[in-house]
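Naming follows writing order (A, B, C, D and E), and every chain is counted from residue 1.
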Amino acid sequence: MVFYPKYDSRKAGLPPGSLVYLGKKRSEKASIHVIDYDSNHLSEREIVHCADCRGYMNENTVSWINLDGIHDIEKVREFGEVFNIHPLALEDVLSTGQRPKIEDYGDYILFTLKMLYMDDDNSDLVAEHFALILGKGFVLSFQEVEGDVFETIRERLRTGAGRIRNMGADYLAYCLIDAMVDSYFVVLESLGEHVEDVQDEALEKPASSTVAEIHRLRQELIFVRKSAWPLRELLSTMEKSESPLLSRKLKPFLRDVYEHAIQVIDTVESLRDLLSGAMEIHMSSMSNRMNEIMKVLTLISTIFLPLTFITGLYGMNFEHMPELKWHYGYAWAWGCLLLSSIGMAVYFRGRKWV
Amino acid sequence: MVFYPKYDSRKAGLPPGSLVYLGKKRSEKASIHVIDYDSNHLSEREIVHCADCRGYMNENTVSWINLDGIHDIEKVREFGEVFNIHPLALEDVLSTGQRPKIEDYGDYILFTLKMLYMDDDNSDLVAEHFALILGKGFVLSFQEVEGDVFETIRERLRTGAGRIRNMGADYLAYCLIDAMVDSYFVVLESLGEHVEDVQDEALEKPASSTVAEIHRLRQELIFVRKSAWPLRELLSTMEKSESPLLSRKLKPFLRDVYEHAIQVIDTVESLRDLLSGAMEIHMSSMSNRMNEIMKVLTLISTIFLPLTFITGLYGMNFEHMPELKWHYGYAWAWGCLLLSSIGMAVYFRGRKWV
Amino acid sequence: MVFYPKYDSRKAGLPPGSLVYLGKKRSEKASIHVIDYDSNHLSEREIVHCADCRGYMNENTVSWINLDGIHDIEKVREFGEVFNIHPLALEDVLSTGQRPKIEDYGDYILFTLKMLYMDDDNSDLVAEHFALILGKGFVLSFQEVEGDVFETIRERLRTGAGRIRNMGADYLAYCLIDAMVDSYFVVLESLGEHVEDVQDEALEKPASSTVAEIHRLRQELIFVRKSAWPLRELLSTMEKSESPLLSRKLKPFLRDVYEHAIQVIDTVESLRDLLSGAMEIHMSSMSNRMNEIMKVLTLISTIFLPLTFITGLYGMNFEHMPELKWHYGYAWAWGCLLLSSIGMAVYFRGRKWV
Amino acid sequence: MVFYPKYDSRKAGLPPGSLVYLGKKRSEKASIHVIDYDSNHLSEREIVHCADCRGYMNENTVSWINLDGIHDIEKVREFGEVFNIHPLALEDVLSTGQRPKIEDYGDYILFTLKMLYMDDDNSDLVAEHFALILGKGFVLSFQEVEGDVFETIRERLRTGAGRIRNMGADYLAYCLIDAMVDSYFVVLESLGEHVEDVQDEALEKPASSTVAEIHRLRQELIFVRKSAWPLRELLSTMEKSESPLLSRKLKPFLRDVYEHAIQVIDTVESLRDLLSGAMEIHMSSMSNRMNEIMKVLTLISTIFLPLTFITGLYGMNFEHMPELKWHYGYAWAWGCLLLSSIGMAVYFRGRKWV
Amino acid sequence: MVFYPKYDSRKAGLPPGSLVYLGKKRSEKASIHVIDYDSNHLSEREIVHCADCRGYMNENTVSWINLDGIHDIEKVREFGEVFNIHPLALEDVLSTGQRPKIEDYGDYILFTLKMLYMDDDNSDLVAEHFALILGKGFVLSFQEVEGDVFETIRERLRTGAGRIRNMGADYLAYCLIDAMVDSYFVVLESLGEHVEDVQDEALEKPASSTVAEIHRLRQELIFVRKSAWPLRELLSTMEKSESPLLSRKLKPFLRDVYEHAIQVIDTVESLRDLLSGAMEIHMSSMSNRMNEIMKVLTLISTIFLPLTFITGLYGMNFEHMPELKWHYGYAWAWGCLLLSSIGMAVYFRGRKWV
């Protein structure tokens, strides 16, 4: 995953309001899924043409129209026509590099968000651009690919559990954002495990790959924070908003999800502290290991260099070397060798090196 | 202890206001303890059914109802019914990962706090979620487990010492929060000792476990700060609050505890500075130790390598080597050896290495 | 490229409002290019004398007058006379070290900006001072050299694509600033590639040139940020401006380009994080490499020093050394040698060094 | 000296307003010293019973009543009764861990401050709690021990120098605070010398004790800053205060001492920068020293290992080794040895190692 | 140069408003120089007695009275009497440690500033205290020593170039401050060169003196920033001032010099970034050099230790060593030696160490 927007340069020079999809190339067909409900009934269907959505533009029921596949620019443009969406809003729907933000267009409110999850083998963070348009009696949601974190909401809608079926479109939008924030905790849980692993690795078998891993995790955490931080502002703006689209009843719930967003940021900070710790532990372990290696080298050299000297001494070929002729000369030499070794051992003990 | 909230992912997808206990699994039975008092009399009892608390919901006397064991969700829910508490407030009572905060629900004020103490062998920091509901004439307190820092308050209530028996429920709530902040100092005192130990260790016998210990302490300090920081805001909000539940007479006391909270944060900062110091001292000690080791290695090598060369020289087998035949050849060799050693010793003295 | 203003000292002591060009010395002749348009027609020509511009000073058509080569101070002064520009504004037009800013002179608004691009071999960042004066019905733009990032705008003007031909001079000014911000993304894309290269280098073949490269990139990023940060303020000021020169219709577009500026700053921050990471990876790789080298040295010394001792031992010349006379003495020596080697190998395996 | 409050845990659980002295245990007797003056006369005496102070509670003359020894809680309590001081104010008078603050009680203003000086051998920073109560016509000052920085003020009072005798009690309080701030400069001068010493030490003979010293100084500086920072706020509050106890004439003087407090903070910051520098210089010196040692080791090894090899070569016992029988074999060997040494020397010169 | 105020402790205990000169001791005589001008004429003279200045206290002409040598306290006091300056203002005029500030005394405005220049051999930063009093029709300037950065202003006054002769005393004060800010660029240019030198040194021949130099430069930069930062505030206060002494016509010029001050701060920040870079490059170069040294040591050891072993092997004195009697034994030994060397060489190539 790349943690900074690379793509925008391709858009350079285009007139503002141009609809361009700059995310990953995709070949899947875009699909549209509609859930229409009020407190008494609920209907659910797949539709092909955006024009079929016109029927849902009334305020009697809440309609949740979800598009998977914003790379199908044509479909997005059609939505824009059907629901009368401003070109700049549509541009933001498509702009995968857009920071999370809220924008009130009067008749509808645009939210752009980041959906985060871990990839299939739970090792990499994946971010998906997600846009939400809340209008009178309808919610449009735009996703890059199929598969999302909203299945429990669909279930609650279908079974009518909780208060969701009795509330308006604004509550549905809140639920979607809440589910998204909740999914951040799942991501953080997984990252938290990686952080702990890397901390253990730093302490026990430091390698320079550890540092690379620490930095990968740090970038992922920064990315989560970058998604959560503007989300916090977004929710704060939403809470203070005077828009008739957001009823007063929603305020305590917004307060609740706002606090969750703060908790996400808090957790990210804690994990980053842990990572800094891991980095320092790594550096210290490396340095410690070096000390260990050097100690062994020094021990060996310090014991064997004097020994080698002694053997060299009695390997000299002088004609007149009295020791060589002694009967116990060899034993004497061994005595010197042992004495030297013992002396060194005592010295090291004294320095507490062994 | 884990210093970041791991649990919330389990809650992901639940509708807001769901009562779930996400703290440590516990098997103890929840127990309810009531102290009911005014300036003249005081009664104290254990009760089993929450419904029995109804009798205490009057403003004539102050009732302190304490629940140990919030894992017993059913009891918490019953309390909610008896005292007419909002589901979102109850959710916060149970939510062990909740940041300290204050929330005014009109008829009552909810406080969520963190109780901190050191575990039995005084080595690890333990945090307990603590919630407080202040209503007209009553204080509900919710704890995770039995055992708290409020014993001196109970004693003051029983003996009638100080002004506590003559003041209202708000003063009781203040006393509980004050006791909690005081207990932070006990924790900091203990952490302070650990910090000093680790600093000594860094200077005298640095090991990579020192770094791990430094980071454990740093995380504990960060945790204390994270508990104290929002507490500070909470107290500031409380002081400025216009709620009729908080009498004007309380203000100077709130100011006092507010200053204590600031002192906690100050002390945490001082201890963190000490820890950074310990880290730098550690790094420097490691590096110093390395220098020491290398110096010994270099000394030994520098003395013995020339000696070995000389012995090697006179160990050569050339037929024509005049020295070998000299009568004092061996003495000459020893002369060379001594000269070389002395030369090196002088050199090292000159460099102040010995 | 130098990333801090060196030149201003040459200007020290001059009275304020003096026109001095302090950028790079240039010999090209300054050239003036005019595009005059309304929704129906467009004319384009090169002119030689500034006085010829007088004809474009009406509000019926929009005139874009571009000067390449502000080192030709005389031309700039003439422009000042023709369009009645304040000397301090002209000073800013020439002052290549000027931070990006906006200044409202009533009849016209002055913008100073930085145009950024990569040099021809895509390795160095180049910054060019760019000034813009927006008046009633005209836009004056001043560049250091020929060649800019506005070619697509000229094309849109010529073909009449988009809304540009139907809007006023303020929209043209917006388009120029927008194109400039877009060009920042091109620069960041290129810097991003360099950052990734340097990160790989840090991991795989760390050298001290890597550090120098990291710092060069860091300075370039800081420079981009320094250009983008006041630009952000400039756009914010522009959005809030009450000047009649900026129509209300422009606001959403200004909001859009403002967000792009924030994205530039965000991206710079991400890249700086990556660079810090690269620095730490580099340090760790260096340290790792050192450990590797030391390990080899220690291994070799630890294996061969004992072997050399043994050979030295049996190289001694004592008359009475029983082993020397053994029939299998030589084999015995080899046995000792092998045993010693194997012992060391086992020891290293135990320490997981091999 | 301990730079973080350890003691407060002993106070945990006590009801608010309890008078407890938590500073160092002391055995000296508390003493009370009174100076009573107006522009015409001045009287000075030691008194034993606080009740004797009652005579000074009039507004005709200014009375400065100084208590040395706040560990005598009883005396402080008596003062409280005589001058009608609030229990919470008295608690702050005794609370040696209290941050500097100002509190307006209407009839009097309480100041808590930190008096700083270096201990007798000028090596450690000593902090003393100091409380000041400014009432109508009197100033009460409370110190931990005898000996203070106010001797020059007493002298000015006695001699009537300057305007002090003609101004009110508020000017006296100002003078005391001003003297205290001035004494901070004496402390900083001494710390500054230590900082310069440690910087020299870091450059010339780095040891791990240097790092410990750096951290001790850093903590002392942080402590000075912690005392000066709230003092700054205190003075700012004082300047803006509407209290009738503080006359308008005092404002320019308060402004003056406020600026001194800022200068103290500035100086602390400069000294901390110097300390960080010392730390980096230390680290670099350590690393440099290591390089030096390694260079010597490498030089010696690189010269003698080849020499030893050559001597070993001609120490082999092969029957057929032509060189051994050469007449100039020994000279040839010496030639090889010299050649090898010279070769290495040339190589090192080339690498600029020697 | 000392970058933190050392002297103030000498002033401790003095009553406020005492005139003390605390800068460097000087023996030069103080000199007074007056320039008196309006748009038509200009007169210039040296005067000896301050009383002679009385003639210039009218509003018809602008008088610039400059005192070189504030160590002559008596002269400063006389000025105070002649121009009726408040004692606290005079104290600031003398207080060489005073931060740059502006203070409006109604009839006159006091500015204290820092004049910065490089010493004669362009290696050290020198700071001089500079005070300015702007009154109706006169400007008093106070300098520590003769020699300043105002020569071009005197020239402009004499020749009547620019608008200076036609404007009031406030414009003269502005010109002086502007010249001072301009002189900061000269200082920064010189420091910039030193920074670049030190960066090269860090990369090419790192020594611990490099670190000391880096820190010296860092302190000088911090000092420049400390002078420029309050200057910025001063100019901002001046711009917003309602004082009748500052005419409206001055505002755009103040804006201009304000921007220069910001540019100074910006440049300081850039240079500090470069210095941090130099520090990191230095550390990396040191570490790199260490790696290089260790590599050589390891290469040599790894090649010669096995060779020495082989020669030792055939230097053993066993009676039965078949190789020794081989006809080609010596050649065989050489074969072993070469094989071992080649093996090692291949190994190193494989690890890319050579």
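We take it that a contact is a pair of C-beta atoms (placed from the backbone, for glycine too) under 8 Å apart; a residue touches a chain by one contact, two chains touch by 3 or more.
Note that this is a predicted model, so its numbers are computed, not measured.
Chain D is reached from chain C by a rotation of 145°, derived from superposing Cα atoms (nearest 5). Here the spacing of chain A and chain B, counted between their Cα centres, is 27 Å. Distance between chain B and chain E, defined via averaged C-alpha coordinates, is recorded as 44 Å.
Annotation for chain A: residues touching 2 or more other chains are 283, 287, 290, 294, 297, 301, 305, 308, 312, 315-317, 321. Beginning with chain D and continuing to chain E, the ring of touching chains reads D, E, C, A, B. Contacts from chain E toward chain D in the complex involve residues 3-6, 8-9, 11-16, 88, 97-99, 101, 207-208, 210-212, 214-215, 218-219, 222, 226, 279, 282-283, 286-287, 289-290, 293-294, 296-297, 300-301, 304-305, 307-308, 311-312, 314-317, 321, 323-330, 333. Residue ranges of chain C in contact with chain A, taken from their complex: 149, 151-153, 156, 161-164, 178-179, 182-183, 185-186, 188-189, 192, 203, 252-253, 256-257, 259-260, 262-263, 266-267, 270-271, 273-274, 277, 280-281, 283-285, 287-288, 290-291, 294-295, 297-298, 301-302, 305-306, 308-309, 312-313, 315-322, 353.
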